[in-house]
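Same chain, two partners: chain A is paired with chain B first, then with chain C.
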Partner chain A sequence: MTVPLNASGLDNSGRRIVVDPVTRIEGHMRCEVNVDSNNIIRNAVSTGTMWRGLEVILKGRDPRDAWAFVERICGVCTGCHALTSVRAVEDALGIEIPYNAHLIRHLMDKTLNIHDHIVHFYHLHALDWVNPVNALKADPKATSELQQAVSPAHPKSSPGYFRDVQNRLKKFVESGQLGIFANGYWDNPAYKLPPEADLMAVAHYLEALDLQKEVVKIHTIFGGKNPHPNYLVGGVACAINLDDVGAAGAPVNMTSLNFVLARIREAQEFTKNVYIPDVLAIGGIYKDWLYGGGLSASNVLSYGTHTVIPGDKSTDLLPAGAIINGNWNEILPVDVRDPNEVQEFVDHSWYEYAEGKKGLHPWDGDTSPKFELGPKTKGTKTNIKELDEAHKYSWIKAPRWKGHAMEVGPLARYIIAYNSGREYVIEQVDRSLSAFNQATGLDLGVKPFLTSTIGRTLARALDCELCVDSMVDDWNALINNIKNGDSSTANVEKWDPSTWPKEAKGVGTNEAPRGALGHWIKIKDGKIENYQAVVPTTWNGSPRDSDGNIGAFEASLLNTPMERPEEPVEILRTLHSFDPCLACSTHVMSEDGQEMSRVKIR
Partner chain B sequence: MQKRVLILGIGNLLWADEGFGVRCVEHINQRYSWPENVTVLDGGTQGLYLVQFVQECDVLVVFDAIDYGLEPGTVKVIRDDDVPKFMGAKKMSLHQTGFQEVLSTAAFTGSYPAELILIGCQPEALEDFGGSLRDVVRAQIEPCVEIAKTYLAERDVVLEPKSKDLTVESLSPDQLSMEIYESGRPAESQAYRYGDARFIPVDNKDA
Partner chain C sequence: MSQIETFYEVMRRQGITRRSFLKYCSLTAAALGLGPTFVPQIANAMETKPRTPVLWLHGLECTCCSESFIRSAHPLVKDVVLSMISLDYDDTLMASAGHQAEAILEETIQKYKGEYILAVEGNPPLNEDGMFCIIGGKPFLDQLKHAAKDAKAIIAWGSCASWGCVQAARPNPTQAVPIHKVIKDKPIIKVPGCPPIAEVMTGVITYMLTFGKVPELDRQGRPKMFYGQRIHDKCYRRPHFDAGQFVEQWDDEGARKGYCLYKVGCKGPTSYNACSTIRWNEGVSFPIQAGHGCIGCSEDGFWDKGSFYDRLTNIPQFGIEKNADEIGTAVAGGVGAAIAAHAAVSAIKRMTTSDDKTEAKQEEHS
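What follows is the complex of A and B.
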């Protein structure tokens, strides 16, 4: 049964389930669904419960400083906002960056993607599939055999190793402070892994923690520090001198570059020997759970990323494009400057536009809050029991591409790259599908495989592999370029505002870990006049638009059966597969939170 | 072996008193020198990404804005096992969920600080986007830094006033330093400053 993508196809007559807050995400989100008599989700309402204010703090400030502010918007997306911001300013002022800076930005951006993807999978998303309490029942010897079968190349696979992990887990659970694992629904039949697979995943949870702290040191080398590495309009904030032997704070030298390569190699091994095999192993066991595709089967958008030749978007490793109505034979071009392509609507968002019902391109964007609830709302303004989705119901705006709701993220860029004939990506996807079919005995096609919750999670792992592999190329290109005598890392010709035009506007784009990210800036008299960011979770978490088209989160939940509606394992599993970041798409303040999702059924 | 000390400020400096923890470590960075076994870190709202810093220290000093329903500007000092419990009991914003998880994750890995102190201050205002510390909270930076100094001195770790000829390398980019951050703020007429009416009814005309 296909998923309805318009409010007109939804049925809100069944029991209403409210999940607020949705946990293990960055930021604050609420989700309401209606289930029918068979506990199948027939209506979904996704709400950003915080106000979004990213843009307003920047008015009147120096455009060269914007990156430092946007880096503080939330805890996980720091570098993507900073990078996109300096790109927007450079676009507005016509600044070209040196080739070294181009490569170093790639290395930093890909580091961020790797770091983000691995932490997301092991520390936020895995618990939707993996039951750590069940891992206590595992036989370490059988776990060792499983590990060697799943990934023969991974060295940490002895029975003793898994026994140690199990003992540590036991101690942690018995201490009574279940902590990170405190809030699961561990006896829910939606968890299907055998204890050995659960134990293996817990071991990898710990290995991922060790890996992430190493790989992020690349940011310290090129960005001066971590957290919050430095960025620079015109280039990167580090100097290069291969022969330098200085201590911390000195230019990047051969020692530090070799250190970077070692970290890339570690991340490569982990991604290929642990991360991807884990996703495929989990996918194989949940082979009958191919829900959650939603909008991805119809409409996907990517701005394109990892441009090999500076300025030539046709060399993007993951190309830009849009697919609508599920037509994989046609990749439509995307122009982020065209006022008729990317537009934001606020009919169902708590904002208002002076000119009423229409979409605004981000250069003309407006962020004027208007909080009001529809007549069918249940509860009060300060204690909402049920939202009225026919009216305004979210702090997230509704961005649309040529009027279409679009899914963005690793899955979207992988669908576009696959259908654009990118050989590296085709090999990755086909290899994964073939492993999945072989393990499960199924004969699934690419489309039903990818356009699912597990497909979204797999695309993120493949995206991570593409990043680590291409970082080796970036690293080699950087060494070559420096050895050819180019040590320039910044173009400061237009650093001085007296060289700028009186008025300018620009746009910076990126494919952030969570998907298509754009910053649109207007500069006047050397100051920021208007700044609008349309972030990935704004696309995916968007409420309905004027025509009733629903966003990606809402679409992904439809037709999913729930084992126990009072325990929203399936809702969390699919929402987490997007790696939502509500901190960027909306903004701060919740009432006193409880760690556990509060679930109410009416 | 010398104890490794982490002095960590957490919070979001874009949200008024939420920036308290970060401003405390900025204060320390500008005015003091410390021995090599000490790290001073602006943790922002990095959540789980701070876990390695916590794993690597023996003594952890955390500055943070804490919402405990107290009189604004009240300082609360919490130690050792009470810290994670405290941070789970009452949360107000993004990073506190994160930091409780950081401590829990560090405990799971078996690398947990032997000693831990949270120096918190009750905020007056959080719903002021782009705003800075309120006076009652700002006034607590120095007393709170003194608490940390005394605590560390009891453990033979001494923060010395910075000599005047030493140039200060900022923890955060200069454009986020309190002075520049405050002076560059857009006027209220230009940029709406308030939040969600359900939680923040004040000053929201539509509420």
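What follows is the complex of A and C.
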């Protein structure tokens, strides 16, 4: 089913459905769709409904402090902005970090990815597939059999265990106070799982809640706390002391390293024995619901991540690249410094460019907020009923790569890694597809399988597996390096701003849990002259651009049938597969001092 | 919906034994810093107090407070959400969306007038008629005021709701304000931090459910039990401060030995929080233990007090312009109780009692 990727192919004549707030996401988002007479979505409008202006706030500050500010862009993907920020500053100043710091940052970054993916699947996304009320009808014994069939290695599988979970749920529901489950869509036919699968998933919802607080303790060891662990320009602040006086009170010692390994192992077991089997089991039951691919079948982008040999991007476990027009045979190179590649447009965003319609590279960005509703808006400025998407309609800008709207995220990086011949990834994808085909009796190919809402959700789980597995390698590499006599964790040669050039500019990139993340910085006289972040949800949640190209959220909803248009189960299901992070996407603002005066401070 | 159940009834119904319940009460007492004599009181309260509805709103924020909250180890967040409170509205976790979500908010406000707790994460922007943060097509500010009107108590989670935090840092382009600037007729319990410690968050809630009252607050509205002391007061590296043993540069000998981080910018001496006592993520560690100075994230306006790596003495509002080095050379004068003098005096004292050459050399710096 071909999805139109331009506003010109959309039909907004049918019934309009508004979802605001979109819940179980980070931040604030609104979504409006039009459905045709068969309740199929024919137009989608994705709106970021918050703006904070962090880059403006950064102007004039110490570049060594920037990580802490931008870390507060998002407390869910906590740390990934901080990491990208220290990379941008180090790139600008030409600082190389010690190998131990490289490894410790990897361990922290992967911890974040693991945590983010697990919490996303179980606590933000699962309720789009899983019906907790239906779980009350399950037979605990049959649930136990299902658990053992789906994942023989998971120890929590006895009938008694599931009976306890069910009893707890039953009593909760009977209390009449449904809390977070209240007003769910529990009698909607869009929910397809048998009661036993629902019960198993509810049990795992609770297990995941316990697990997630354990894996983040790796951040606590290396960064002192979670959420929002501490980072450092030049390396990491957690000094290593294994066998000298004071080791017991040092950040990294034998005890804390052992502790870290234990947390990795725990997360590894959960990912392999619970998370991936659950996604495949649920995906298999929803085999007839292969909607939601949208832009992923055409255009995907990744900056590449998990560089094994410092400085050598060709050793990225998940490589950088771009695919356009669905041509999986050609991976295009990406240069984030090229002014003609990454550009942002604001035609449909609540900003204005001084020089009219054009795209601007982040180093040359311009942002002035301009909150303005189109003539076809229904409602008033402070009570919007329906937006006019022909005009400005979002606090998110529209980034484009060489003019193309791109999907980013685990699915995008997996498509690129798969087609770049990364063996680990090919094995993961092929293994999953074969399990899916075997369970469903289908004979799907990789492309239709991956480029769907289910494929996007699966890619996240596989990304989690890659992180837990490679963390064991990182941990071993760290031990080896220390064994070889290197316990250095920070390069302080350029810590003092007096050693810096008068002017410098740099860029830091990363693949955050939700996709391609870039921070661009300009430094002048030891202070931040400008700072721009173009984040994953800005890519995915973007409104239309000058040419009418639609973003990934909007594209993914098109052609999806809704069981009951007034109940947005299908909309939530597909939007959640991106794990939207609106605080990330909508803070973007400019750099150059003039804009400040145009922000009205009342 | 039936009448509100007590916490104890819910726990019992869920198969928790009386013995486990009492054990839970004693853990709660310990977490709250109360002695064992309080256990019967807690148990009694939990047996008779109803399960309180909580509305958790989100303004301009980054969701780090919610993320911290779900890290709570004692009590576990699943027990909080399933058994202790009724989390009726929280757009991060709730199943429903759009008008079904808005309906829940309304229903709880109407049904439990004056009985629900309002928890606020983030803050409202005032510029652009509040439309820098839109919920259901309207300014977040409207939702906040509406939900505050009939709340029994209001909790300001984190530094955003308490002080303004990062979006309110200079020049505060959206004019984001802490919630007490727009809710003026109700006491607000401030639980600052970016984010607050998980067990501090659940500790505040548990205290309120247990004792049926707001914890004792300081003049700024923070619970004294968690924000009554500075991080420096209870820091495990404090003996190094007193001994004049400092980290001079990242990854130096002092950093590896766990010396005091004051000279690389630690804000522990001026930050009121429980990081050095309760610590983070089930007591695993805290920023200073992991080698980075405290950035003072629970303090009002901490973003605008100079670099995180500036020594405290270099900060104008600290009330003293000299730094530790300068004071070290002129220690006799009456510099009062200022931290820098304190550091220098500690250092000098150490010098007179130690003949360790490396350390003496370090003192030349200080």
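In this section, the second predicted complex is superposed on the first by the 578 of 602 C-alpha atoms of A that agree within 3 Å, B and C clash if a C-alpha of one lies under 4 Å from a C-alpha of the other, contacts with A are read in each partner's own complex, and residues count from 1 in each chain.
Simple rule for what comes next: a residue touches a chain if its C-beta (ideal position, glycine included) is under 8 Å from a C-beta of that chain, and two chains touch if they have at least 3 such contacts.
Worth saying up front: this structure is predicted, and the values here are computed from it rather than measured.
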### Query
chain B versus chain C on the shared chain A, clash or fit?
clash
### Message
A:Leu209 in the overlay: touching chain B, chain C, both, or neither? Say first, second, both or neither.
### Response
both
### Query
Which partner reaches more residues of chain A, chain B or chain C?
C
### Task
State whether A:Ser368 touches chain B only (first), chain C only (second), both chains, or neither.
first
### Task
Look at A:Gly379 in the shared chain and tell me whether it touches chain B only, chain C only, both, or neither; answer first, second, both or neither.
second
### Message
In the overlaid three-chain picture, which partner chain does A:Asp65 touch, first (chain B) or second (chain C), both, or neither?
### Response
both
### Query
Which of the two partners, first being chain B and second being chain C, lies in contact with A:Leu442: first, second, both, or neither?
neither
### Query
Touch check for A:His123: first (chain B), second (chain C), both, or neither?
both
### Query
For A:Ile221, is the partner it touches chain B (first), chain C (second), both, or none of the two (neither)?
second
### Task
Indicate the residue numbers of chain A shared between its chain B interface and its chain C interface, in ascending order.
26-28, 49-51, 53, 56-57, 61-62, 65, 68-69, 72-76, 78, 119, 123, 168, 172, 177, 179-180, 206, 209, 212-213, 216, 227-228, 230, 249, 369, 371, 381-384, 395, 583, 589
### Task
Enumerate the contact residues on chain A facing chain C in the complex.
18-28, 30, 49-54, 56-57, 61-62, 64-65, 68-69, 72-76, 78, 119, 123-124, 127, 164, 167-168, 171-172, 175-177, 179-185, 206, 209-210, 212-213, 216-217, 219-230, 232, 234-241, 244-246, 249-251, 256, 259, 369, 371, 379, 381-385, 395, 487-490, 492, 495, 567-568, 572, 583, 589, 596, 599-602
#### Entry: Footprint of chain A on chain B - complex, ascending
12-15, 18, 41-52, 55, 67, 84, 88, 90-95, 97-98, 101, 103-105, 107-110, 126-127, 129-130, 169, 172-173, 175-176, 184-187, 190-201, 204, 206-207
### Query
For the complex, which residues does chain A have touching chain B?
26-28, 49-51, 53, 56-62, 65, 68-69, 72-76, 78, 115, 119, 123, 168-169, 172, 177, 179-180, 206, 209, 212-213, 216, 227-228, 230, 249, 367-372, 381-384, 395, 583, 587-593, 595
### Query
Within the complex, which stretch of chain C touches chain A?
1-2, 4-5, 10, 13-15, 51, 53, 58, 60-68, 70-73, 76-78, 81-82, 85-88, 90-104, 125-140, 142, 165-167, 169-176, 194-195, 197-198, 236-237, 249-251, 255-258, 275, 280-282, 284-292, 295, 297, 303, 307-309
